[in-house]
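Listed next: structures, encoded as structure tokens.
Two complexes are shown next, each including subunit A; its partner changes from subunit B in the first to subunit C in the second.
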Partner chain A sequence: MSERAQQLLEAADDELILGWRNSEWTGIAPLLEEDVAFSSIAQNEIGHARALYELVARELDTTADQLAFDRPPEEYRCAPLVEVRLLDWEKTIARHYLYEEADSIRLERLKQSDDPEVAGLAAKIDREEAYHRMHAQMWFERLEGEPRFTAALDELRPQAGALLDSEQRGDHTPELTELWEEMTMVRRSLPAGTTW
Partner chain B sequence: MVTAAQVWEALAQIPDPEIPVVSLVDLGVVRDVEVENGRVRVDFTPTFLGCPALEVMRDAMAERIRGLGAEPEIRVRTDDSWSTDLITPEGREKLRAAGFAPPAPRAAGAPTLVELRSAVFRCPYCGSTDTRLENLFGPTPCRSLRYCASCRQPFEQFKTL
Partner chain C sequence: MTIWEVFRQERKGQAFQHAGSIEAPDERFAEWYAREQYGRRGESTALWVVPREAVHEIDDFADELQKNYHRVDGYPLKEKLARARERAGTAAS
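So, the complex of A and B:
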């Protein structure tokens, strides 16, 4: 696999898996506004994943859906930070903040790509991510100095390094397999050759 | 033989699936139309990449083009060449009249919280700028929620993209 494909797959897998995790707040977030916010962020992240998978799919002669759902969990390139199920609000916000910070650096790199398709898509994604970053910043300001939030940031920060370093990727948490079971259940239950 | 002008006219009849007061042409998402030997190629940009209405819009465009007796090819552009600045003046007025505040112009950098919390956003109902940000996110990816303290009316603000 080319370096370009690997780089795009890392970003796509991160966005897909985090999108699923964010969607776990739909219906049960502590505030109605946050229910709407996390559902909307989830929808955006999965939209970004699809557009990134489509670029890779053309290079690898496959489809975005096959890349998203037909690989075994060990072949995903996502970072452990996005895999874990965090149903404590302060941990969700800590991950959101750390992820958006790293993702912004990654998007700046991709925007500099010599490949106009990669640079163009990264620029579009970055415009949308600006709203995620503002949301993360707003919560950071609100919770800054709160002991539970500080502890969550300290706990999760070491995992954030892998977001910007391919060498640190490859190992997965057991939670990825659990999520994968859920995420691919419907698709796996269909007879082979079913078209969507 | 179908002409590009006829195609533009047909596409201008397609309402946005989520904000039906505006058409796809009003939104500026139809970027280019080319007609060649009975084939019509349309370049189209999604507003937000995660917009669930993408397929609906693509199918609606293909159907209208077939209705003109031509074979459609819809190409989706996923670069940064569309912005909310491309919403037409007519489109912006239709949005406002339907209670959606039109997007502010795109600046060189990304929007900031300081800007969104400032008093430059006008209520589409009473025109007051005494409005506040309620939620960066709304019922669809392209909208935020604001509240007008002057007429005590919540309203939706089209995000600047």
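So, the complex of A and C:
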């Protein structure tokens, strides 16, 4: 697999898995407005994943759906930080903040790519991510100094490094397999070759 | 938490109309939530986000003497127009 495909898959897998995890708040977020907002962020992340998969799929002669759902969990390239189920709001926000911070550096790198397709898509994604960063920043400022939030940041920060380092990727938490089971269940229940 | 009233403009140049309200802890959250709820489906070209306290509601309208000349329906124009046309010598078109 080319370095380009590898790089795009890392980003796509991160966005898909984080989008999935964030969507677990739909219906139970701390307030209705935040429920809508956070669900919308989750949808955006999955939309970004789709666009990235499509780009890789053209290179590998496959489809976005196959890349997203037909690989075994061990072949995913996402970082452990996005895999874990965090149904504590302060942990979710700590991850959201750490992720957006790293993702913005990654997008800056992709925007500098010599490949116009990669650079163009990264620029598009970045324009949406700007709102996610704003959201993460607002929550960061609201929770800053709260002991539970500080503890969550301390706990998760060491895992954030893998977001920007391919070498640190490849190992997965057991939670990825659980999520994968759930995520691909419907697709696996249908005969191979079913079109959607 | 504060309640914010959101007004949205569907097309440039049109009047803003009340879209609904949202609850948010501060201005920045209010703007973010308003954008999500009333602007992300291409349904608005602009939004006004106003704290509810800033809205002055008036609901008392004194009209003790039924001054119907203050109202549109107090002026039946049809007959008046017909007479004016007669005087001017032009038929109703």
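To be clear about the criterion, the second predicted complex is superposed on the first by the 196 of 196 C-alpha atoms of A that agree within 3 Å, B and C clash if a C-alpha of one lies under 4 Å from a C-alpha of the other, contacts with A are read in each partner's own complex, and residues count from 1 in each chain.
Rule of thumb we're sticking to: contacts are C-beta pairs under 8 Å (C-beta built on N, C-alpha and C of every residue); 3 or more make two chains touch, one makes a residue touch a chain.
Everything numeric in this text was worked out from a predicted model, so none of it was measured.
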item: Fit or clash between subunit C and subunit B when superposed on subunit A; value: clash
item: Contacts of A:Arg50 with subunit B and subunit C, given as first, second, both or neither; value: first
item: First (subunit B), second (subunit C), both or neither touched by A:Ser40; value: both
item: Touching partner for A:Ala123 - first (subunit B), second (subunit C), both, neither; value: first
item: Partner chain in contact with A:Arg106 - subunit B first, subunit C second, else both or neither; value: neither
item: Touching partner for A:Arg95 - first (subunit B), second (subunit C), both, neither; value: neither
item: First, second, both or neither for A:Arg169, with subunit B first and subunit C second; value: neither
item: Touched partner set for A:His135, first subunit B, second subunit C, both or neither; value: both
item: Touching both subunit C and subunit B, counted on subunit A across the two superposed complexes; value: 33, 36-37, 40, 131, 134-135, 138
item: In the complex with subunit B, residue positions of subunit A that touch it; value: 33, 36-37, 39-41, 43-48, 50-51, 54, 116-117, 120-121, 123-128, 130-131, 133-135, 137-138
item: Subunit C-touching residues of subunit A, taken from the complex the two chains share; value: 31-34, 36-37, 40, 131, 134-135, 138, 142
item: Partner subunit A, residues of subunit C touching it in the complex; value: 1, 22-25, 28-29, 32-33, 35-37, 40
item: Touching residues on subunit B, where the partner in the complex is subunit A; value: 46, 48-52, 78-81, 83, 110-113, 116, 134-141, 145, 159, 161
